[in-house]
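Down below is the structure, laid out as structure tokens.
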Amino acid sequence: MIIISRNDFSVGDVLSKIRTSKTGAIVSFVGVVRGEEKGKKLVKMEIEAYEEMAEKELIKLKDHALKKFDVQEIIIWHRVGTLFPGDNIVLIAVSSAHRKDAFAATQFLIDELKKVVPLWKKEVYEDGEEWVEEKK
Amino acid sequence: MIIISRNDFSVGDVLSKIRTSKTGAIVSFVGVVRGEEKGKKLVKMEIEAYEEMAEKELIKLKDHALKKFDVQEIIIWHRVGTLFPGDNIVLIAVSSAHRKDAFAATQFLIDELKKVVPLWKKEVYEDGEEWVEEKK
Amino acid sequence: MKVKIKFFASYREIVGKHEITMDLKQGTKLSDLIEDLKCRYPRLQGFTDPIVTSVNKKYARDDVILNDGDEIALLPPVSGG
Amino acid sequence: MKVKIKFFASYREIVGKHEITMDLKQGTKLSDLIEDLKCRYPRLQGFTDPIVTSVNKKYARDDVILNDGDEIALLPPVSGG
């Protein structure tokens, strides 16, 4: 399941959806808006997406991970719009028979998402704003 | 927070407890009773603990992880008693500013838990039962 | 032929629009279009070089030849997650 | 002096009890007690060698000298998580 939405997710609900009869491990990653960046207090974050392309790229990523790792189900939920400190940004959840596969796939997915999916975060401070650039 | 209990956990509730104002990443691991082991259908699982010692060992583990990794909060919830396929066994959740630390700490905690905490799982099949031994 | 060009994030702010339409000669390469856009919107220059683009929602190479109805997008360095 | 001995999981099943109390001579080492238990419950032998134990809820070395009131536990290979 791939979702790009203004809406927040419930981690509990999402995790219940990726359980199969052979699931032994579920790993999840939640990205959260930090209240502080480089010592400055964050007012809010704006997330912009090229939605149709981001969805395609996320589906490609998911399919890649399903081939590369011995995992069962993958859910990626990325929020867009205006978020505030403490808000959820993204959820990646992976089920597998054995834990190593779910850990490896979850890390792969968030690393790749940050490199290839057309999503952009702008940090808004009291005294200015800035588009985030991932360190390469 | 360290909990050893017959009761199930709500992942959503637990994750909401480990958020701090500087949290940017939350990683969680859920261990689940597999419906099948080595091709045999599992009827149920019995989990036994040396509870007072397991609690001490889990607290030590948590303190060790808080020193070893740059993480903020850690929750470990391990269930005991009779569980059935699909039931949750254990939840480990870690918050951090940056994701690499939470991933590393979560993996460390589950790996160590399986080595040192006095907990035992018995798998019950239709035609017999077996105490689980972790591969070394 | 007509193409649609989308701008996102910092590029959208530079251009001041989310989307424009342009008339191009048959056989125009993506790289020609990008050069043209850099002339129109000089602040696109020197930002990230080369500018990453997509054609019809797929990452594209600069030497691709554009077709009527293509949807091109200029993509600043992504930062999701 | 009196000590309490707890058995868990497969050891509990072998012994048929979760806990026993034993009277020991002053100066008894943990290793002496373990040998004694292996005689009483031969199926404890050859299971895992050496048997992992705790004294007062901490993992213990075989050469530790026991004290009155100690709580010893015999711990099969753990398998939580």
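To keep things simple, chains are lettered A, B, C and D as they appear, and every chain counts its residues starting from 1.
Here is the rule we go by: contacts are C-beta pairs under 8 Å (C-beta built on N, C-alpha and C of every residue); 3 or more make two chains touch, one makes a residue touch a chain.
Small disclaimer: the values here were computed from a predicted structure and weren't measured.
Student: What chains touch chain A and also chain C?
Tutor: For chain A paired with chain C, there are no chains in contact with each.
Student: Starting from the mean Cα coordinates of chain B and chain C, work out the distance between those two points in Å.
Tutor: Result: the chain centres lie 49 Å from each other.
Student: On a C-alpha centroid basis, what's the spacing between chain B and chain D, in Å?
Tutor: Measuring from centre to centre gives 26 Å for this pair.
Student: Could you put a whole-Å number on the gap between the CA centroids of chain C and chain D?
Tutor: 74
Student: Multi-chain contacts in chain A: which residues touch at least two other chains?
Tutor: Each of 31, 110 in chain A touches at least two other chains.
Student: Using the touch definition from the top, which residues of chain C touch two or more other chains?
Tutor: Chain C, residues with two or more chain partners: not present.
Student: For this structure, enumerate the chain pairs that meet the touch criterion.
Tutor: Here the touching pairs of chains are A-B, A-C, B-D.
Student: Note which residues of chain D are touching chain B in the complex, please.
Tutor: Interface residues on the chain D side: 6, 8-10, 12, 54, 57-59, 73, 75-81.
Student: In their shared complex, at which residues does chain A touch chain C?
Tutor: Touch residues, chain A against chain C: 31, 47-50, 52-54, 56, 78, 89-90, 110, 113-122, 131-134.
Student: Considering the complex alone, what residue numbers of chain A touch chain B?
Tutor: 10-13, 15, 19, 21-36, 85-86, 97, 99, 102-103, 106-107, 110
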